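There are two complexes below, and they share chain A, which is joined by chain B in the first and by chain C in the second.
And now, the complex of A and B:
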């Protein structure tokens, strides 16, 4: 069960700089920790995040073991046209989640 | 000599240390929120930045999904959580007539599962129990805490208070030695708060996860090098009850964020 929290302004003026904030639930297990019995806990992290604005990639990030659980990623873009933001998180063990949000540009 | 004032100050501190533990006056009681850095406060206040909301979202799914042999969802009996669960968490731990003792919100959820859903209990600190508890407690955000007002609860509040004042463990410390006598100071860089459990289950940055008040209590007990009570132990529920009664009148903050 993975949840995402997305914050994209519902409306913006053309040319306005907007902030996009995303929060994805994930344990981000580093792969460096051991259990009490001494066994290595296998790495389980998100490795990449992509945001597309009406199909065009506008932001991409690679994630690494030192990033805390439930990664919070925030970035800025320019509101050019009404449409859809698509978000995609990909990680270890076949982890793949997506979410989207709509924006109206006036 | 330069060292002399320092030594005399240290001596004064040592002499002043065994202060009688007295409860904090009502007007000076503060939520743990007021001890935090502005950045952490902002994280708690923004529902799209507060990681605790991830558990609340999962809790909402669980609330509406059928479970157990009875194949009933929480929503089938309690319907709309924002209405039916409003203010409930602010009253917990509450007295259970059948058991003759107080139960906390996690135990109430598991009692409900056993009695009405004929489902197996959810594990303490497991994702599902934390999520359901967070979802239920979220409905009380902003409501004034009123737990421990019930007359039947008074002996249990008193037991919890006794435990709070009781020195224990290899460090021979009581909860009160930090939380009543030394709040607003620091313990290894962390703020010592007044022990008002206003936002459980809460997201601790240190845990990188949501956790219950019992987890917090067990960590504290481990910290004074005493043997922690097991999850669900009556002693932990009595402590929870006493702490909630200390925080009477404060608004609920679930899911709170703490460092």
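And now, the complex of A and C:
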């Protein structure tokens, strides 16, 4: 079962630059490994991550097998208004997870 | 299994020739590791014919890594991140993993600070290259040479 860890400050001053840290549990199977029997283990990774702030896309990433398991991504944004951050992870085999976090801007 | 192999190979052939048509004749078989030529071509795919200059980008990775399965990495630039002058994207590549790409990160003036962190895998001691695309159209890069004692990807899956 996939689960996300999101770290967004609950409160910020208007115009403050805040850090957003995200972690999604996922095996990130590279597709380059073989079993002991010599069979290739098929690729199973998260390929795309998006963050929206009150509906507007503020950060996007394309991920490749070289991203470690349980992808951790952190970035910054300017706290402009109170509202919601929506996070979305999309990957192989129909993987699709989302999470959200609220912020109060004073 | 045999049937799957065939399908996969045919897919790779199609995907390979579609992606590199006009640049490299054909990439039908995946090599065991990304060669410097693959690194160069992956970078070309991003920057096109633009010149990539060294500087501005700061790439923080430990130079000596014990475990290549999870290597912390931070890419940052000193940018005012205004609508007129900001970092549009950051692209990270490696030299010797099976695939040259690590990640593409798309930013905008709303980010306030041009900095991205993640954790990556390194299959061998090698170079990691970060390239930033600025709003004025220029490309800047930083390269770090990393020594990995325990490589990622090489172990058998249980």
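What to note about this one:
Quick note on the criterion: the second predicted complex is superposed on the first by the 106 of 106 C-alpha atoms of A that agree within 3 Å, B and C clash if a C-alpha of one lies under 4 Å from a C-alpha of the other, contacts with A are read in each partner's own complex, and residues count from 1 in each chain.
What we mean here is this: contacts are C-beta pairs under 8 Å (C-beta built on N, C-alpha and C of every residue); 3 or more make two chains touch, one makes a residue touch a chain.
Only a predicted model underlies this, so the values are computations on that prediction, with no experimental measurement involved.
In the superposition on chain A, A:72 makes contact with both chain B and chain C.
Taking chain A as the reference chain, the count of touched residues is higher for C when chain B and chain C are set side by side. In the overlay built on the shared chain, the residue A:25 is in contact with chain B alone; chain C does not reach it. Looking at the shared chain after the overlay, A:10 reaches neither chain B nor chain C.
Of the two partner chains, chain C is the only one that A:62 touches; chain B does not reach it. Residues 68-69, 72 of chain A lie in contact with chain B in one complex and with chain C in the other. Touching chain B in their complex are the following residues of chain A: 1, 3, 5-7, 21, 23, 25, 27-28, 68-70, 72. By the touch criterion given at the top, residues 17, 29-30, 32-36, 39, 41, 53, 56, 58-69, 71-78, 80 of chain A touch chain C in their complex. Here chain B touches chain A in the complex through residues 47-49, 51, 53-54, 57-58, 61, 127, 205, 208-209, going by the rule given at the top.
Against chain A, the residues of chain C that register as touching in their complex are 1, 69-71, 94, 97-99, 101-108, 110-113, 115-122, 152-153, 155-158.
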